[in-house]
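Going by the order they are written in, the chains are A, B, C and D; count residues from 1 in each one.
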Amino acid sequence: MAFVQNSTPNTQIPILGPARFQSPLQNQRDVFVEDGSRVLLASMLDELQNPPATFELAGPRRQIFFNPTEIACGIVTCGGLCPGLNDVIRSVVMTLSYSYGVRRIYGFRYGYAGLAASQGIEPLLLTPEMVQDIHDDGGTLLGSSRGPQEPADMIERLQQLGVQVLFAVGGDGTLRGASALVQELQKRNLAISVIGIPKTIDNDIEWIERSFGVATAVEEATRALEAAHAEARGAYNGIGLVKLMGRYSGFITAHATLANADVNFCLVPEVPFSLAGFLAALEERLLTRHHAVIALAEGAGQDLIEGEVATDASGNVKLKDIGLFLKEAMARYFDQKGLEATIKYIDPSYIIRSVPANAVDSEYCLALGQHAVHAGMSGRTDMMVGYWNQHFTHVPISMATQKRKQIDPQSELWQQVLGATGQPRGM
Amino acid sequence: MAFVQNSTPNTQIPILGPARFQSPLQNQRDVFVEDGSRVLLASMLDELQNPPATFELAGPRRQIFFNPTEIACGIVTCGGLCPGLNDVIRSVVMTLSYSYGVRRIYGFRYGYAGLAASQGIEPLLLTPEMVQDIHDDGGTLLGSSRGPQEPADMIERLQQLGVQVLFAVGGDGTLRGASALVQELQKRNLAISVIGIPKTIDNDIEWIERSFGVATAVEEATRALEAAHAEARGAYNGIGLVKLMGRYSGFITAHATLANADVNFCLVPEVPFSLAGFLAALEERLLTRHHAVIALAEGAGQDLIEGEVATDASGNVKLKDIGLFLKEAMARYFDQKGLEATIKYIDPSYIIRSVPANAVDSEYCLALGQHAVHAGMSGRTDMMVGYWNQHFTHVPISMATQKRKQIDPQSELWQQVLGATGQPRGM
Amino acid sequence: MAFVQNSTPNTQIPILGPARFQSPLQNQRDVFVEDGSRVLLASMLDELQNPPATFELAGPRRQIFFNPTEIACGIVTCGGLCPGLNDVIRSVVMTLSYSYGVRRIYGFRYGYAGLAASQGIEPLLLTPEMVQDIHDDGGTLLGSSRGPQEPADMIERLQQLGVQVLFAVGGDGTLRGASALVQELQKRNLAISVIGIPKTIDNDIEWIERSFGVATAVEEATRALEAAHAEARGAYNGIGLVKLMGRYSGFITAHATLANADVNFCLVPEVPFSLAGFLAALEERLLTRHHAVIALAEGAGQDLIEGEVATDASGNVKLKDIGLFLKEAMARYFDQKGLEATIKYIDPSYIIRSVPANAVDSEYCLALGQHAVHAGMSGRTDMMVGYWNQHFTHVPISMATQKRKQIDPQSELWQQVLGATGQPRGM
Amino acid sequence: MAFVQNSTPNTQIPILGPARFQSPLQNQRDVFVEDGSRVLLASMLDELQNPPATFELAGPRRQIFFNPTEIACGIVTCGGLCPGLNDVIRSVVMTLSYSYGVRRIYGFRYGYAGLAASQGIEPLLLTPEMVQDIHDDGGTLLGSSRGPQEPADMIERLQQLGVQVLFAVGGDGTLRGASALVQELQKRNLAISVIGIPKTIDNDIEWIERSFGVATAVEEATRALEAAHAEARGAYNGIGLVKLMGRYSGFITAHATLANADVNFCLVPEVPFSLAGFLAALEERLLTRHHAVIALAEGAGQDLIEGEVATDASGNVKLKDIGLFLKEAMARYFDQKGLEATIKYIDPSYIIRSVPANAVDSEYCLALGQHAVHAGMSGRTDMMVGYWNQHFTHVPISMATQKRKQIDPQSELWQQVLGATGQPRGM
């Protein structure tokens, strides 16, 4: 047996200090996670390293760092909406209250802005009663916003309120912001824990098999694809074009293509295509079948569009509108060819990201929230909760933000997409 | 008792000739509609005329004009998609086949274009097996298109195929096209029946209480409004703007507003508003509640937008895009005021009109199709099937196309909207 | 013009006294219902009487009887669950609070039991905040129960709390209970208004075209029928049997049969059948098609089952279980015939009646609640809100409870069912 | 680094012979699975063996055993319905037809019965057109049945039709039947491949993380739990009891409990309870909260019910009806205690298992079908397709049927259930 001799990644989680208190969960359960329980990073034999790289297993510890009845906790949701946000908030509040007996839980409003003392936005004092039914609604009870805030500004607010564990729900940028906060806290020698809960409807964060909300988003995206299919068949040479979320990672578009039977072209950021190649393949499709459905990730084909690059409040590059670009390019092309074509363009993004979580995501968010609370109460910090090889894990934020998860064109996922759509391999 | 002494409308239905055959339904049912069964136009006492105006009651006649086993029938769907189109097609085919024993049923493809001999589009030969499950899908099996065709061109195709009853499913323009066809048929003394089945997702055809697909569309529209609500609450001064169908008649927007609890502004074509008045009211809302949901009919506020007026293939005026206009006007206004606001604009129209019919509409479409077939087999022509005062009716097309049905601002419907939204009465 | 010379029904609504106050709605709307606005009972010409029978039109009056800011109001929900109950509660509370300014609104818990002083069940004090989102959930916020209470016992509670308008949401028995309460109030000369909102998932109350919740129930019932269809086709000679609500009136079963395409036998209380006839027809179906779907109203075929008759707390006859009876009868029959058959029996009743209202019902419940409040504030009593010939109406409770609405086997509805199922006319 | 020194399981897959043909997929894709690609069985460090136990990675091989254009293939669905069956059928047919060019695909009807020559049930000849839309419907196009057939009888039919690859979709018993068939084929030296696709709505097959249909079933089960919650709150001391699938494994019940927020008692086969303990805990709940929701797996509490044990056609033990038993036990208990309680019992099993697959399951079924085809064409046999540690795998049937997958009461899953319900640990 031969191991890969790569450098093992550093998967160690910082901890604020040795456990000092018995977990109150000892009244509710017999089973706790033993130190040293580790989840393999490798899932294939040829990925196995020597020694094997592992994540720490998530779950409640028998001994914890904080005294739950004495501390305050806080939660903040950042970035764009995603199905399941309210489930996560609910789970964190319920677990803090009912499992650990924490008495003061602050819901910071409108993202990191609500956490910055200088902004003066009052937090909500969250109770189980307030969050009991919020998972029936999409969106986030707390509101959200984009963009970072000064660590010092946020620490001021945390200290005003006595918050000792902060749960930050958000994507790449939010997690980096959490790490920046941790660094400032360490500088000041403040024993405040910051736990990330990864939220990315694009599913682009590494070391978590599937982010919460993605299953729901795919389900909802298939509804838009069905509509596009009806529209496409409803006209002679009808074309249904659906733009879906996916700035740099086309997972929703690819999964929705596979979950739905009717997509003929799936366009994602990871697989470049030429406009001429795409239009020729589309023309071929129309001439033989007289209708076509296109699933388009918002970040696909950015190189095809001229123009300058702008950025939003979070520092994200503002994407150029590939949907309108393709719609117009198709209209022009078929007009020039003298081919009658009817194009219906659907952009369901805000509907997709705003629906309540489905059952799979609801259960998943419940667990994510619980494990975040267990991690925070144990004194861990600068980590996010992951899910890997059938287990919930503790992942260092630095490891999660190191690179973006994307579709590998050589992967079975993309090969399946090629098979399902029948689109040419290189357009 | 005093009657209104208005001129009674002419509700008489043209008939191709006296009934010549026993209905084959005599083997299946005991009950037939007796001649002289009439439905009151009036529903309020003060609308009652002397003599009372009435519609002919729809339903199967004991004696019919056509010999079902000898004739061919045809069906065509025109204009934009609408939930229930496939239910109607299915019902017409099933009733012709199983109830009357008609053996040749042509499905003309892509609207009136497929009915014009000169276009050379082959019709489908429809069978019960082909349409058995089509109601599970949105859209129309036959495809559709906009715009009229020459009556002579269509008659050529009808005669080529021996079609003696034509079912035309469509809106205002489609019904006018059907009437033009009837006039040319009468000129030529051809005993071909043309029966309209009114389809208008805007619900803007008179003398039918509610058009098919509208209940489904309202249901689906409320999903978009819920998404807008989640988006609006998800940001500080969040605004969710949803554009819904309704060129001249805001019924979907008004009904969805009432079916959903979260709309703050409902804007419809029938009730003009000033941009300044609307923006001031919206600002007031944001300052007090920090989020707002706007339901906007596509035909609302057209007078606010400068620019020339264009028309589409059906001769419909192309609406100016009030959604983008309002979105930009709001952004500019709040920018000038220095008020941070986050606007999310949702245009779910193609999703709404492409979903399969819900149960209420499915049952309704079944009945519309059956009554259309009964009317056609009895030799009636130049009429559409209506629903009025709890009964299905025969309505002369001329009467249905005389004027558009719109929301009366004095009606209880609109007063309810004002109450539900709390929006100012005159903005 | 000839009128039917029947005795005109008494449609007059009792009123507690002359209007004494200006309606606060004068600030919100310009349009009020004028006295003398009447809705025709007749919808067919040959039903028209001389003088025409009419209902009073529902809607807000310019002058009202009660001073809204001084009185307390109460609401109670009785009998079995029905989609839309929470929508009605919400609408009543919102209209009382926001439109009329009523400050004390009691929600009596668990039906009339919660209204009986002797039972000592504390009512909820309802506010707009409490009911804001309850329509997202099925069931009733207030709880419910069956059976009447002593009028004197209920009056004691109303007087303790100063309730001057009571809204009773329920069926036949609930409405009779409301009338009994009115009689006792009149005896005591107490100016307390009692307004009924008819709730019957069986749709068996007369003079209301369709009861709230029925559209939702039919929608949900079709899901069970689809499951039965999948089960039936999933086995050789598979039989899917679905028992639906409908004690004496088979409307849900009939409408679900028409909204779904797959039912082969629709059995309702109004149309008797013989066991032998049914089994023979079923056998015929199996031999030719090898699967069958049966939609069965719970009250169908009661005469086929031996045994004594019992009654429940509301005095309703306890139905014998036709579902199990038929299931066993079929199993025995095919066993004796040596015909392999697989029977799957589905009883979805509690799921159907517990779902939230769909959009059509939500809007309808909103209007019912508003009109009930308008009626109560105007001093009307001993009436229910109806919907008839496109208008909301005031219906005397005595008129609504006089006889049960049932399916007429001669009606187009039942004839359609026969056509859709293909079942024999007389089994 | 220390490995566990356990005996490594035999995960080797039998193969009919060396690959003889180039895969036609070489025209469609660049990527094939290399021999030696292996998936780790271990997911935790302490499970890792030396050498590590591994599964063969699923996926298309560059060289295959069968000549696709010459052979016939067959597919059969066995046992109870499960969401996704039609998706699997569709995927197998599409992959055989479009990817491999197989021209004759037989759909054996009604389970193994349709595969037994002696039964004389004609198979369907499946085409892409026939299966195009079947995934919109629940159930199985092919029908199903329980119970094994004689291997010799099945081989006769396979040879009559020239079937060389058989896909068997079913549970434990079906997979054992497939293995028995393989043994007989080997005895006769017949190069026919038998590939299993594991179907178990109970999720009780080992070495597959989650069986297809389970996510959909959990989603649908939460609807029944919501109904039970509405019913429970709708009455004073209301109890909603929902019986869910789960003969020996309570996964659906546990997952639905976690996905839904309202369950107070979750009862599964793996965790025994005493009737007295349960009733006392339930009484406590009613006295404090006045309503309760119980999620009950059908196989729970079998030891509480007296009576003999019977078996069905598949040899499965017929479960005693714990639902009715508990319902009656509760009624008796509260009656004796003089505590008014209203019990609503919901058995949604046939609805849950008959719905179409949701998006997650649709995509999953697509992949399962594709990988089954790849495996069969490569000449593998006596295996099923699994999913493990983020990869699709080949699992020897003997390994999959060795023991049943069940909930470990010490697992995080069950500990979560205890936390979510608050039910006593040992009742």
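One rule holds in what follows: a residue touches a chain if its C-beta (ideal position, glycine included) is under 8 Å from a C-beta of that chain, and two chains touch if they have at least 3 such contacts.
Not measured: the values here are computed from a predicted model.
Quick check: more C-beta contact pairs at C-D or at A-C?
Between C-D and A-C, the larger count of C-beta pairs in contact belongs to C-D.
If you average the Cα atoms per chain, which one ends up farthest from subunit A?
Computed centres place C farthest from subunit A.
Need the CA-centroid distance for the pair subunit C / subunit D, whole Å please.
From the centre of subunit C to the centre of subunit D is 41 Å.
From the C-alpha centre of subunit B to that of subunit C, how far is it in Å?
From the centre of subunit B to the centre of subunit C is 29 Å.
Quick one: report the Å distance separating subunit A from subunit C, using the average Cα coordinate of each chain.
46
So which stretches of subunit B touch two or more other chains?
In subunit B, residues 133, 137 touch at least two other chains, as defined above.
Quick one: in the complex, what on subunit A touches subunit C?
133, 136-137
Touching subunit B in the complex: which residues of subunit A?
Subunit A residues touching subunit B: 81, 109-110, 113, 121, 137-140, 143-145, 223-224, 226-231, 233-236, 238, 240, 344-348, 350-351, 354-355.
Taking the touch rule as given, give the residues of subunit B at its contact with subunit C in the complex, in rising order.
1, 28-31, 37-40, 42-46, 48, 50-52, 54, 57, 59, 90, 95, 98-99, 132-133, 135, 209, 215, 218-219, 221-222, 255-256, 258-261, 358-360, 362-363, 366-367, 370, 389-392, 410-412, 415-416, 418-420, 422, 425
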